[in-house]
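Next come two complexes built around subunit A: one with subunit B, the other with subunit C.
Let's turn to the complex of A and B:
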């Protein structure tokens, strides 16, 4: 099983590629809404991308209040 | 009428395929404008069906297929009216949109919803009237109505029950969570999952194939396998209207409309 750090890195890489933001500008504790410049609809795109990439289901209510990549990675890690 | 260009929807009949396009920003919210034009579309179907074999419903907006009912309009109109008049207005709206959706559901054409992005609430219900749903990888489906103190009101539950197991219906309805396209295909809701931006192309390819089949046989087969749950649909309107009269709904709508939450679409 991959480590939490690997999961976090993959999320950052995937988010950077999908929303066309330079990977080096994203940090684990960034607010992803601000860092990626996305709204709630685009957040759903990110959620879908992550579910498809990691082959997990992430109920959207688990994302309520989650706004940084590190916490997001933790939510995914426990479902791997 | 072979083509129409409206403010919320447009349609065109070409080579036996009617394409119904949704294009009302931000995400094809279904309000009175959309309903007026959808009623025109339903009336036009009577003529257009004679020259067509398939119907494709899709959205040209990047945000998605359809985010559902126009909650802002629903809230603002309700606020301007007395409670009893608002309730009557909601019932009338629901009965009108049910007539349109039942008409599409019962069409002898083979109907395909080509969806991407947000396919929530009334948008999900619009897709469910179609015979087939093709989804791109980023499509998501949800019934978030319970967060407003409501149930889906455009025929969603009876149609979902028609197509899927009751356990899945309960999951979607009671949790309000959204399913991605892969999950939706696993449970039998989506026929084909395609790459990003490819749903319309796949729908057109399938519609072209449908054009090779005998129309009468296809229509008879559809009528046999896809009954319209009229009693449950009427019951759904009654339940929706009963719930709509409760104060919790106005509070829920107000909260949604005034929300500055970064994730208002998340249940």
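Let's turn to the complex of A and C:
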């Protein structure tokens, strides 16, 4: 099974590619709304991409109150 | 449709609807692309009455209050009906609030019963304030077997055999207490009567009727006035069907239009813009000849529907677009926040009528609505039947505060006679919104008189409510404002919050302070965040009791800083 750090890195890479932001501009503790310039619906889009990549299913409510990549990675990691 | 005028309360109207349309489908619930539930009106009754009986047996009495904290789903509506059946008062709470805010509003509303989804109850149980909870009975939906519910009951098991007693209410009895906002210092609980809802139902269905076979896609939260009316009361009294989709993922929302051949949907601007973005991206991918053909058909449709919509014609001209919306969509209803006219025009040109309206929790679902005769993207429509609107103290452009008198206007704010007196004056509700009537009798909105913003997601945010997050910030003093309140502009859209800071003497604004502010800001849900800050060089004016004189400070700032010198966070 992959480590939490690997999961986090993959999320950052996927998010950067999906929203066309340079990967080096994203850090684990960044607020993804601000770093990616997205709204909550686009965040749900990102979540779908991540679900498909990691083969997990996260209910929408799991994202409530989550705004940084590290916490998001934690939510995915426990389901791997 | 039932003859609404004969009823004195929502419970009786809904009860008769269940008997009148027993075999019609009233609810469909889907989890992503998987359908979970399909109920007829008869099935709905069979599930709701044992719950009503169990509530009565648990001493839930007429006039007692029951709060509901749930995402859009069948159990929301079943629970609300059971509460009305017992003569109770429904307190719909926004599921997106924090656990601490839920507890605060539960205490303020004095709800005797709470009906809540498991994941939300889990968050409430973990809140430090949980030990103060005063709610006597808690029913938790969808809890895993064996989960620790801290004394709460499983909703699915909370039922009793035997017919419950139906409790008739009168028109001026309270039906719901709906919080328009104010979770910080001063909760604003709008006390709405049965008459408020029955009148609203009458006027709305007169312009946009439902009938058996109509399918309404319920996406706006049901605690919101719009969905409560057009995603529950309205369709039910007409024998129509409500479709609940338990996700807001754009791809599943798009899929639901087709799968369930949706007739109506109400959306906040953020979702409509997302749909627009998706469609525009698809158009851009088309080969140039196809794109040119599409543009021509859109232009023809625009020309032929200039005076009024013609959905059948639009479906023939633009079949692929309409198939993408399920082929039976009659209107896309928007409300709850400012919608850019260009977005509305985009959909109208495709033959998807966009019904724009204006309402506020204090006055029911909608006060004005576009009648599409013709479509007007630049207004919020005309007053609905029974709604009187006046523009107070109009300026040279005819713009003034919008005041409303209607049987849909709330009775009062819960436990706040002072605020009620300020808000309802001689029978007129002062909305705090600025507007004017144009020559065809359409209302146009231009901004707000009050210090608040409405987000694209339809959330009302009062700056005072989020200031506590900045408590202890190492500065002399601070205040949060709606930018438009300090620098009024005669337009809506792009509303932002600004943090005004007064530093200590000799203090400089350094990176540590910026990081502190940013970290606190991140603790707020994204839609409540402050967009920027402003350093103010003078002490804030204060009252004798040391409260900030907000209006005076805003005027001082506006005088000195004509152009907002706000630094983006």
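We take it that the second predicted complex is superposed on the first by the 80 of 80 C-alpha atoms of A that agree within 3 Å, B and C clash if a C-alpha of one lies under 4 Å from a C-alpha of the other, contacts with A are read in each partner's own complex, and residues count from 1 in each chain.
One rule holds in what follows: a residue touches a chain if its C-beta (ideal position, glycine included) is under 8 Å from a C-beta of that chain, and two chains touch if they have at least 3 such contacts.
A quick note: this is a predicted structure, and the numbers were derived from the prediction, not measured.
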First (subunit B), second (subunit C), both or neither touched by A:60: both
First, second, both or neither for A:49, with subunit B first and subunit C second: first
Touching partner for A:68 - first (subunit B), second (subunit C), both, neither: second
First (subunit B), second (subunit C), both or neither touched by A:40: both
Overlapping contact positions on subunit A, where the subunit C interface meets the subunit B interface: 33, 39-41, 44-45, 47-48, 59-61, 64, 67
Subunit A-facing residues of subunit C, complex: 71, 96, 98, 119-120, 246-251, 270-271, 274, 456-457, 518, 522, 525-527
Subunit B-facing residues of subunit A, complex: 33, 39-41, 43-45, 47-49, 51-52, 57, 59-61, 63-64, 67
Partner subunit C, residues of subunit A touching it in the complex: 31, 33, 39-42, 44-45, 47-48, 59-61, 64-65, 67-68
Subunit A partner contacts - residues on subunit B that touch it in the complex: 26-27, 63-64, 67, 117-118, 137-140, 142, 175-178, 180-183, 261-267
